[in-house]
Amino acid sequence: MQTEGALARGREIAARVESFVRERIVPYEHDPRLGAHGPAAELVAELRELARAAGLLTPHILPDGCHLTHRETALVLRAAGLSPLGPVALNVAAPDEGNMYMLGRIATPEQKEHFLNPIVEGRARSAFFMTEPASGNGAGSDPSMMKTTAEPDGDYWIVNGRKAFITGADGARVGIVMAKSPEGATMFLVDLPHPAVRIVRVLDTIDSSMPGGHAVVAIDNLRVHRNQILGESGLGFKYAQVRLAPARLTHCMRWLGACTRAQEIAADYAVRREAFGKTLIEHEGVGFMLADNLIDLKQAELMIDWCADVLDTGASAISESSMTKAAVAETLFRVADRCVQVMGGSGVTGDTIVEQVFREVRAFRIYDGPTEVHKWSLARKIRKEALQRLSP
Amino acid sequence: MQTEGALARGREIAARVESFVRERIVPYEHDPRLGAHGPAAELVAELRELARAAGLLTPHILPDGCHLTHRETALVLRAAGLSPLGPVALNVAAPDEGNMYMLGRIATPEQKEHFLNPIVEGRARSAFFMTEPASGNGAGSDPSMMKTTAEPDGDYWIVNGRKAFITGADGARVGIVMAKSPEGATMFLVDLPHPAVRIVRVLDTIDSSMPGGHAVVAIDNLRVHRNQILGESGLGFKYAQVRLAPARLTHCMRWLGACTRAQEIAADYAVRREAFGKTLIEHEGVGFMLADNLIDLKQAELMIDWCADVLDTGASAISESSMTKAAVAETLFRVADRCVQVMGGSGVTGDTIVEQVFREVRAFRIYDGPTEVHKWSLARKIRKEALQRLSP
Amino acid sequence: MDFAYSARTEALRAQVRRFMDDYVTPAIPRWQSDIEAGESHPRCIEELKELARAENLWNLFLPGLRADEPGQALSNLEYAPLAEIMGRVVWASEVFNCSAPDTGNMEILHLFATPQQREQWLQPLLEGRIRSCFAMTEPDVASSDATNIQTSIRREGDEYVINGRKWFISGAAHPHCKVAIVMGVSDPDGEPHRRHSMVLTPLDAPGVSIVRNIPVMHHLSPEGHCEIVFRDVRVPAANIIHEEGAGFAIAQARLGPGRIHHCMRSIGQCEAALELMCGRAAERRTFGRPLHQHGVVAEWIALSRIEIDQARLLVLKAAWMIDQYGAKAAAREIAMIKALVPRVQTAVCDRAMQTFGAMGLSNDTPLASLWTWGRVLRIADGPDEVHLRTVARQEMKAASELRAAVVKSRAS
Amino acid sequence: MDFAYSARTEALRAQVRRFMDDYVTPAIPRWQSDIEAGESHPRCIEELKELARAENLWNLFLPGLRADEPGQALSNLEYAPLAEIMGRVVWASEVFNCSAPDTGNMEILHLFATPQQREQWLQPLLEGRIRSCFAMTEPDVASSDATNIQTSIRREGDEYVINGRKWFISGAAHPHCKVAIVMGVSDPDGEPHRRHSMVLTPLDAPGVSIVRNIPVMHHLSPEGHCEIVFRDVRVPAANIIHEEGAGFAIAQARLGPGRIHHCMRSIGQCEAALELMCGRAAERRTFGRPLHQHGVVAEWIALSRIEIDQARLLVLKAAWMIDQYGAKAAAREIAMIKALVPRVQTAVCDRAMQTFGAMGLSNDTPLASLWTWGRVLRIADGPDEVHLRTVARQEMKAASELRAAVVKSRAS
């Protein structure tokens, strides 16, 4: 738990981010360069130029390379998320934000210089090649079933495998590829595009906020120098854990921002639109949906802040972030669903961001671990604790 | 938001309360003196003697008459609530706890001496005579429709009316009676029992934790001296507001404690009991219910702490306490319902407190404002804010 | 396909409704005051039974009722809407000799009773002279998996010796309750589904003790949900039902129609709760308008109507399937309604209680008691989860057969 | 009461199912590639239409179809299960000349068309030579309250002059779509329910412009959900449907059977989604066992089956009521299914998507698209809230009549 005083820095940045997003980024929400697979590269560059000029690019990483605390990050990313374009514009979007976090903690100075800095500067996008196709008994979201291999070859490693749902792979300049070496799971840093890393196809999915969309990727005889191993061979899962809880949480922060804005839009609509002789919000069916949203948004915020506090103590927060991710994804989906319903016909068109937020949050209930996987691990934790209580 | 340091006092008291409740009070949970209308007076006295001996009676009021902060109170009342008998034993139960809070802030020194001190000392119970019968178009939960009257008669007032659902009226020694004087709503302090204040009947309700149950009361020509007016004539609703948000919140705290214990009991049951070849908790249907509870309990806790923080700033927290009361009552009911389901047949018997907690929390969704009344006022707040946003 | 009740059903519905209006509803205050006076079997019941039998509204639940047995034989589909009407008053079924658990017990005996069992137990049950209970659930094991049942039924010469503990034995506290059908293990080493047997056990046999009448959700039923201990209870070997090892199969068979009855009674209770809710919503005003003009209350009313009508149709379809194809073919539908209807009942009653505010928590309306009873039904006779598991298994089986058929038809 | 489909219905179900298996399903890839190539009316449709018409699987939705009109006349109850089968492939209804909004339009014209209107529009529609759209919803007003409709239809001599903006006009982008039935205000000072009229408006009339095909939930329908502007559009006065001021009444009447069709198609989509879910649950393993052995997935399968079966029964009952007593008598049931079925569809599809994990978010299965379509249906044609309001009003009315009857019978 952090005092108000300690959060002042984060509040100040968040306030600037909020004004910037509302004034400069929101007008781009109907830009024709927004495609089914996310905003086009040219649009991303244009938005980032605005953020750079405002001194707000990558606002959660300080000039000395330190990150804001997780609680401060929550304030900033919520503000960035007020538009689905905000996180991309400010360079706090997935997967770059999580990748920067992990590289900042594990990469060598040379690796940082070559791979991390361009991402931090908003000049390069990155992708995290972990998930594998479910068909053919690949890993899906279960990392222990990974089939991609890395075999040593002198100073080099040869990587082969198939990856699926790789967010932002199309157009990324930095790849972090997870493969199984003789020592175990290992991460390799790769310059992209690379002829051995082939985008098989970019999926058409219901979400559309992330540049490059989600790709199926084939890796055939990718040759990587051993200097490009992130950390040590065999410790890939350990590093993934470093990224895991914070990255779950930053998704929650961004989508909380988006749903907060959706609620504003829905409330504004409901006080203007009339039906059956009164404004929509005066109909209890509508007013109660918005009241439920008010409560749900507050609960999501409190869960995020709580989990951020735990992370700021230095704990890994594995189960806290599971609780938070499962609760926040489901809660925000209900919020977005109600906003759609309040908006009626306008809610299912692209005329406001409500429709997009609804689709995005639906997807969020699945990526970074479906709700059920988190509950499954929470049930195991409860079991373990009850057994300890009964026979200490 | 309060730092860990500032909460140390509350934590220390709460830890002692928790041990006391678990070790000394829980064994009374099958006491035959627990009736349909709450624990009998003799049992209450016996439990309070234990608390007094342990130095834990009325633990949220310090020897100098000051109260713990609301955040500290949350810690202490959660611990007290771990048994449905805990709050009564420790003298932090409704309605006494809220009455002590209000009297501590508004009563004159003489009134405190006569009416407040016996309650603080756990020697007297009190009742708050506000709600009126719904039939005959009485007030129900809408205080502006109050029909009980107070007419001046020299130095005295004559009070006449009908009250309903008066918790703890049967057996109370201190009554706070709300009536409409020519100046408006007014509160009168009354010594009970009193021949003019007649318990018409004590209702059979689904809850059973509160001594004296809930009574229908007839007040006929009750004569009260003007010294017994609480504060000023006509300011009754203002004083009720003083009590309102904190009393809502302490209900949330106590029932959070009770549901926390119900979850422990259900989890312990689920790791021991077997069905279809494995323990219950290994069945996902059961494990997921307990995981949902883990999340819900955390959300309830966070809402309570947030609202307590707002109260501790000195704000009236009317809408924050509406959000919290509505959210926590519904959330805890789901928790209790799942505990019943996990426990199977045992869950619907009195063999554990799970069954009682389920009934109590069902009632909590209605008293202190049904969930829908809170949502109704939240919807109005949203409307007001949206209108301000649109035409500032 | 036809959604209208048959002419015969409509006539019976009118008759039962009239009987309820003329005799049962007016007797409620007498019943209530007898119960409050500690009477476990209010006197009005026997008077009403005579009236019902005189109108031949008797044993309506038993499709196989023989011509020489009292009452009239109805199909499950014909009986279901009558059970709905009876269900509106919790104790009314007994008046028509249609109350659980006797109905299920009579069904079993009708199928399997020896001439001696028939004379000793079935005939008095059909005539409403005695009542019975069904002793299956045990406190120490998850009894929704019937193979877990542990009570021992050991053969010794010409007798069976019963040892074990049962709970939630409904009806055992009724003063007319004379016999229990006890399920237990007769062959501990047998194949799991052939291990159990059922024996008729007189409640006055030495060694049978009713330990307590368990308050369920804080409510003490006059007929009881009892905990019973059987200690070295000896019954004649002739008291076995059907044959040794048949216990599990009989238990399975027993459940179908009984669940239809329970569910239809619950539907009747839902209708009663919805009527109360509508009445309250019409009369009571808050914030300047009647409750039914508050959108949330209107929505509760609408959702309740939708849920009730859907649930009724599914229960009726299950009844129709039992009539047409037998209880086994209707196993999926029976599991569906058992998982569904108690949820609907608790949802509808919960909304009705909320509409009544604090009054909904009191016994001034029947809602709190209906609601808690609905909550119990989500657990009694197998918790929701067990029935959903059955439905899922059947669905997976059907889906895999369908996929196989598609593959085959493409190959051909 | 009988829950079996009639022999005729069973035969037709088998025939339609076979037609789908033999012709429609195999054409899906061709349809898909045509659509991806930008074709708004894939060629396979016209081929399939000829085959369907040859089998007389044509105009099955219209109970009043005359002997001299193409196709066969079925009751709503007979057609409903066929709509369920057709609904499994989103574009299949057109093959049988049973697609919305033409079905509703043909119904109206069948009732009200003048001989000239019949020849010019109804006959080509019945023969599947043209298509039509229904222009009611407006962006600027809450159109679920039809009295809000603002488009002006002004009489000028022998013509009507139409001015207004409509949106979500389904089918308007279909290349064969030739005519819109436009609802608008013809008598602004009239009594609210007599203010509106409907006129047949050719889409090629000067002043009609299709402003855009609105992507709905990020999905661009080839047939379109269009925004259309009418600016000083002139049509002959003879294009009025029925009479001036009849617009509101016709709009009400049009909705009943159309909602049955929509709902039954949705039920078919639920069945398709459940099949996919079961298939995935059988094949995919996580944490060491197949998904269907994970309790939560099994529960989803069971709940989906229960919800689908209940919803189907309620839709069939509504169809039966329309056949037996007319759409007006079935108004409550129609509102119930409109509020219910889209919720069931989104719930079932949502679970199926969750079972597929990330793949469920992609177009590699039809689930995401079915789910978003179900979500749209919770708003299109009146949001849930409006229909629940209707149900609640009917229920309050029924309950108050019942209370009055009880009071009266007690008094007598």
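Letters A, B, C and D name the chains as they come in the text, with residue numbers starting at 1 for each one.
The definition used in the following text is that a residue touches a chain if its C-beta (ideal position, glycine included) is under 8 Å from a C-beta of that chain, and two chains touch if they have at least 3 such contacts.
Since the model is a prediction, treat every value here as computed from it, not as a measurement.
**Q** Which pair, B-C or A-C, has more C-beta contacts?
**A** B-C
**Q** Give the label of the chain whose average Cα location is farthest from that of subunit C.
**A** So the chain farthest away from subunit C turns out to be A.
**Q** If you average the Cα atoms of subunit A and of subunit B to get two centres, how far apart are those centres in Å?
**A** 42
**Q** How many angstrom lie between the CA centroids of subunit A and subunit C, rounded to a whole number?
**A** Here the centre of subunit C sits 52 Å away from the centre of subunit A.
**Q** Two or more other chains in contact with one residue: find those residues in subunit D.
**A** 294-296, 299, 385, 388-389
**Q** Which residues of subunit A are in contact with two or more other chains?
**A** In subunit A, the residues touching two or more other chains are 283-288, 372, 375-376.
**Q** Note which residues of subunit D are touching subunit A in the complex, please.
**A** The contact residues of subunit D facing subunit A are 137, 139, 141-145, 148, 167-168, 214-218, 284-287, 294, 296, 353-354, 357-364, 368, 372, 375-376, 378-380, 383-385, 388-389.
**Q** Subunit B touches which residues of subunit A in the complex?
**A** Per the touch definition, subunit A meets subunit B at residues 1-4, 264, 267-268, 270-272, 279, 281-282, 284, 287-288, 290-292, 294-295, 298-299, 302-303, 306, 323, 326-327, 372, 374-376, 378-383, 385-387, 389-390.
**Q** Quick check: in the complex, which residue numbers of subunit B touch subunit D?
**A** Interface residues on subunit B, with respect to subunit D: 283-288.
**Q** Provide the residue numbers of subunit D that touch subunit B in the complex, in ascending order.
**A** These residues of subunit D touch subunit B: 294-296, 299.
**Q** In the complex of these two chains, what residues of subunit D are touching subunit C?
**A** 1-6, 9, 21, 77, 274-275, 278-279, 281-282, 292, 295, 298-299, 301-303, 305-306, 309-311, 313-314, 316-317, 320-321, 324, 332-333, 336, 339-340, 385, 387-393, 395-396, 399-400, 402-403, 409
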